[in-house]
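Order as written gives the chain letters A, B, C, D, E and F; numbering starts at 1 within each chain.
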């Protein structure tokens, strides 16, 4: 039996989907497959809460149209639509943000989170707190570069990361800056502490839950949605029933 | 100068919009107006996280298309898209859920939250906690009736509410069951403690912020969204700039 | 029917009472009145916990002697006697400190609190935490001036406030420095983020609760006080009963 | 050198002062003295927040008029005026409420708090939380008797206490019902778990701080109060300076 | 390259080691190996804090004597010696307790923990809280059977578990009762919600970290121990250096 | 009747035991005795979690072999084996770490903790938080000297301490650097704020509990350990029964 992971990219940039799917596939064991799915509409990258709100609805739509996979990975660092996706399936659903925080907390007593824009700091601080890890995080640190200067990101991460280690006692770094995740392993060498992105560990976590015989509970909060009529778009009510 | 409040109903049921707008208008002072807006697509009522995820995107769309109002009220108890709406305007934006929790915490040391379905309890508990009010809430209590038995709701609220007062020490009740909000004042008499719904106090809070000269900060988290290209739908990037 | 707000100044400086009452009256809607009440004994300004302890008893005394107003505003930033006042009436009672924190949290994801003396920082930090807003506050910052240098306060607020925005990510400022509150609107222009004092929004909040039909719960913590005999001063036990 | 403990009773009932002073004296080591002080005005017992607000000011007044003692014990379970008293002296100041919570947390992983009136439950829950002990407390439980039925209190404590042990996993009981404290030792035998009142351990804690060479810090929050003019009553500003 | 997982059983019962190693091996992918290690001295099962304190030292000893494995699993639900083990290696180290809590929080919004003895409840509550998951846990529930009645454990788990689902809103169960873990999958069918033990998911988590290129950070808290001289037993100082 | 305090040093350095016992004896009242006990095996000083894990087991062993004392003091700042020791006796058991935190919180609104090595910061932060005092602590600050430079420690403490007062608002200092504790009183003069070590106040706290008639609860978490068979070492099961 082949395990098939639905990698759900809530932005509309196909290259992001592909690079993340390749990373997931490179770590999953033999006999597994990655079904890479990209949002049909919405932002090319997700930077604001507005983008996030659109992305959440797209994640739900992707699970509705692909209900038969063995596990799902929400592949955007702020985990949009994660709870909604869980309602639509009895398979495990994992977010790359929550996976990265958890991996960091398993290999380090204290970690720092690195992101691109300062405006995103409060939302990331709140996310860390909502996972119960506020006391483990020594800071959410924005890179001092604009998005346009993208190619300089790796240098900036190394610089900001080293300062986080030296001045704040960070013992690991979490990269909350999406597409740069694929460079985590290389950066780890340079900074000298574990550098965590969520795609590899998140894909493995989804597989590990499945492999342990665990799926999303259908009792309570993540039960299939009530069959509410929808206007102007397909409803979700039947999804899980068939 | 007339104050105009945008009342944003994220579900697609026009009667809900109208009854909530009437309630808001009945408490706002002279010389104010309520612009009642209904989601163009999505669920008729919001029960699940799936519904919530769609609703959040619709709230953002409503603010984008009505950017010139003096304040906004997100008129659904789980406050979908509240943070997104704040990014799109410099006017105050208030949710009815957060308003109801705040009103209850101003008139009572301990309150209970009453909702329809048991599946919604964890999300409401999390919402109360995210507002820093976990220690003020003695319980989130589902009514023991199905949605279809709607007409019996008032009786059930009185019964569940009285038990919350007697057995858990609730000193006020928060109604997290949307359309029943309009009956709060009548129920108050029967239960004997303050019964809070969020529409009236929320509309007044939005007006009070405006009246105090306060609007949504454009520094940091609620700054106008970055101008990200969107595929398959209008983007949001320019909204606040013009 | 005229709404009458009891504005309770727990210090003994009449000018403070008058300027705060004028500010409240300037924002309340037509047909409302402000009854301005000043403590009969105690400190001219409230700086220490000692001053605060005296002020709390004076607030209770003011409500006892003016039991028939429609709502009350405790007009001192550290909200002395707020809980006691709530016991003595079924009308809403609001503090300017709690109002300022709540207003800031509605217009900004992160705020800073500005106060005069460094010694007051722990008590303000504790107050923010007791309202469940610790994660929303990036710092309580004392002005680097003595009380005697009062006239330089506005400059100092602008300077400390700008640094809080630039270095700590404050998106709004809360002024916990009493009489300077009246200058909040002017400072807002200079600093470029919302500047919140509690008198205007607090008065509006008290009115909004009343307007929503909500009053202090008499079940539980805020029930009328037990009729305990007092020695050497009038008792409180009958206040609410008559 | 004789150690002199100021036992400060913030209610006006002399017998309470005397029985608490006797208890304190019975446990303090040789060569120590207890100076028993009773509030000059205010309630005969402290039941409500109104009573508490008056009591806080009286505690401050007692320290002002007796500034030369070696340590102070605020002898009322809700620790009124504790922070104010600390400002007025460099000697250690301890409350019986905080002492009782601390003692219980040293001899048991989980404790219950027993009080007389249900209305007092929220304030006690908040007090436990403010000491960082919320997770250690399995419940604040009111006795099912009125104050007038005082003589039945011991039986009620045993009955409520045994249920707390059997049903909630309480491993110790904290008596937050003032004058009954003196019976703690007898009740301990009957209930079979440690029964803690705060007077004995609180007096010993005050002495222990003094004996360890520790006094209230005069840097920061507990510095002597600013010399603010007072109207209608003596000021506090000079107390600590002379 | 073969991945070798050190499964560390801190009690001295060989059968426990073997059954847990078999479970781990049954879920790990091809080409991996489990090195099953049993404490050389100490309790046959771990029930009390005394047992736990001995077990912690034994875990450290097992890592010292087997320093070359690719990852380690501390195979006792209260994760004794986990932090110590992390200091002794740059490989990932995972505990079965933390793994079980994390798995439950990925498949359910609310979970209950089931354990054998009531005396263990506080320590498990504290463990859940220390992982930041207190708000996710609806209760730690002891089975109403003694250890000797071991064979009736499965029935008791089903009975206690069903009540936790029906009465407390548990959406998943965590089995904190060691050797019964191997029956989790069977129980899941009967109770109808996910039933989580930590060995399978813990072994997979350890492998997943390794597979993602992540190991224990040697900066900060988990750096190799200082080379302190030991009396009466081998020291640990050199372990990581060679 | 003579009170006998068991001072339990979990490291193997006899001079540490002796100097701590002398300090304890110097503050305890007439007619008390200190029984000084040193770990039979393990590290000469405790710096890492590995050392801590060994120390915990040694503390349990010391109580097992000396079960008849009136109270116990765990005399190592990270309180190893504290919970285990409590299981083994009905006498009070106190740790010097928890005692120091509590003393500081009684004499100051905010305190800083000073330790030797940066690696120990996370564990101390976690300890402060586990005692519910995170909001009271302005920082855990490592000295910028190596252990070998021991003689310079006093200077470094004064320097780090003064900065903590001036820059972080520390109002008291807690010395979490073991043997330097004996110099606390001298340092207090130099730094100008209370300097707390845990041995003196901890010994007095243990005595105060005993003097108040309070001992470790044997209901629940700290009940005598279950009689589990041990391999390779003496068991603990009978200790408390005889």
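Following the convention adopted for this analysis, contacts are C-beta pairs under 8 Å (C-beta built on N, C-alpha and C of every residue); 3 or more make two chains touch, one makes a residue touch a chain.
Fair warning: this is a prediction, and the values are worked out from it, not measured in the lab.
Peer 1: What is the set of chains touching both chain A and chain D?
Peer 2: B, C, E, F
Peer 1: Using the contact definition given at the top, which chains are in touch with both chain D and chain F?
Peer 2: C, E
Peer 1: By mean C-alpha coordinates, which chain is most distant from chain E?
Peer 2: With centres defined by C-alpha atoms, farthest from chain E sits C.
Peer 1: So which chain is the furthest away from chain F, centre to centre on CA atoms?
Peer 2: Max centre-to-centre separation from chain F belongs to B.
Peer 1: How many angstrom between the C-alpha centroids of chain D and chain C?
Peer 2: The separation of the two C-alpha centroids amounts to 29 Å.
Peer 1: Could you please state the distance in Å, as a whole number, between where the Cα atoms of chain B are centred and where those of chain E are centred?
Peer 2: Chain B and chain E have C-alpha centres separated by 43 Å.
Peer 1: Touching at least two other chains at once: which residues of chain D meet that condition?
Peer 2: 83, 109-110, 118, 121-123, 126, 134-135, 169, 220-221 - these are the residues of chain D that touch more than one other chain.
Peer 1: Let me know each pair of chains that touch one another.
Peer 2: So, checking each combination of chains, I get A-B, A-C, A-E, A-F, B-C, B-D, B-E, C-D, C-F, D-E, D-F, E-F as the touching pairs.
Peer 1: Can you tell me which positions in chain B touch chain D when the two form their complex?
Peer 2: The contact residues of chain B facing chain D are 109-110, 135, 169.
Peer 1: Enumerate the contact residues on chain C facing chain D in the complex.
Peer 2: For chain C paired with chain D, touching residues are 12, 40-54, 56-57, 59-60, 80-81, 83-84, 86-88, 117-123, 126, 130, 147, 220-221, 223, 225-226, 228-233, 235-236.
Peer 1: In the complex of these two chains, what residues of chain E are touching chain D?
Peer 2: For this pair, the touching residues of chain E are 118, 121-123, 125-126, 129, 134.
Peer 1: Residues of chain C touching chain B in their complex?
Peer 2: Contact set of chain C toward chain B: 27, 29-30, 83, 92, 94, 98, 102-103, 106-110, 131-136, 165, 169-172, 184-185, 188, 192-194, 196, 200-201, 204-205, 207-209, 211-217, 219-222.
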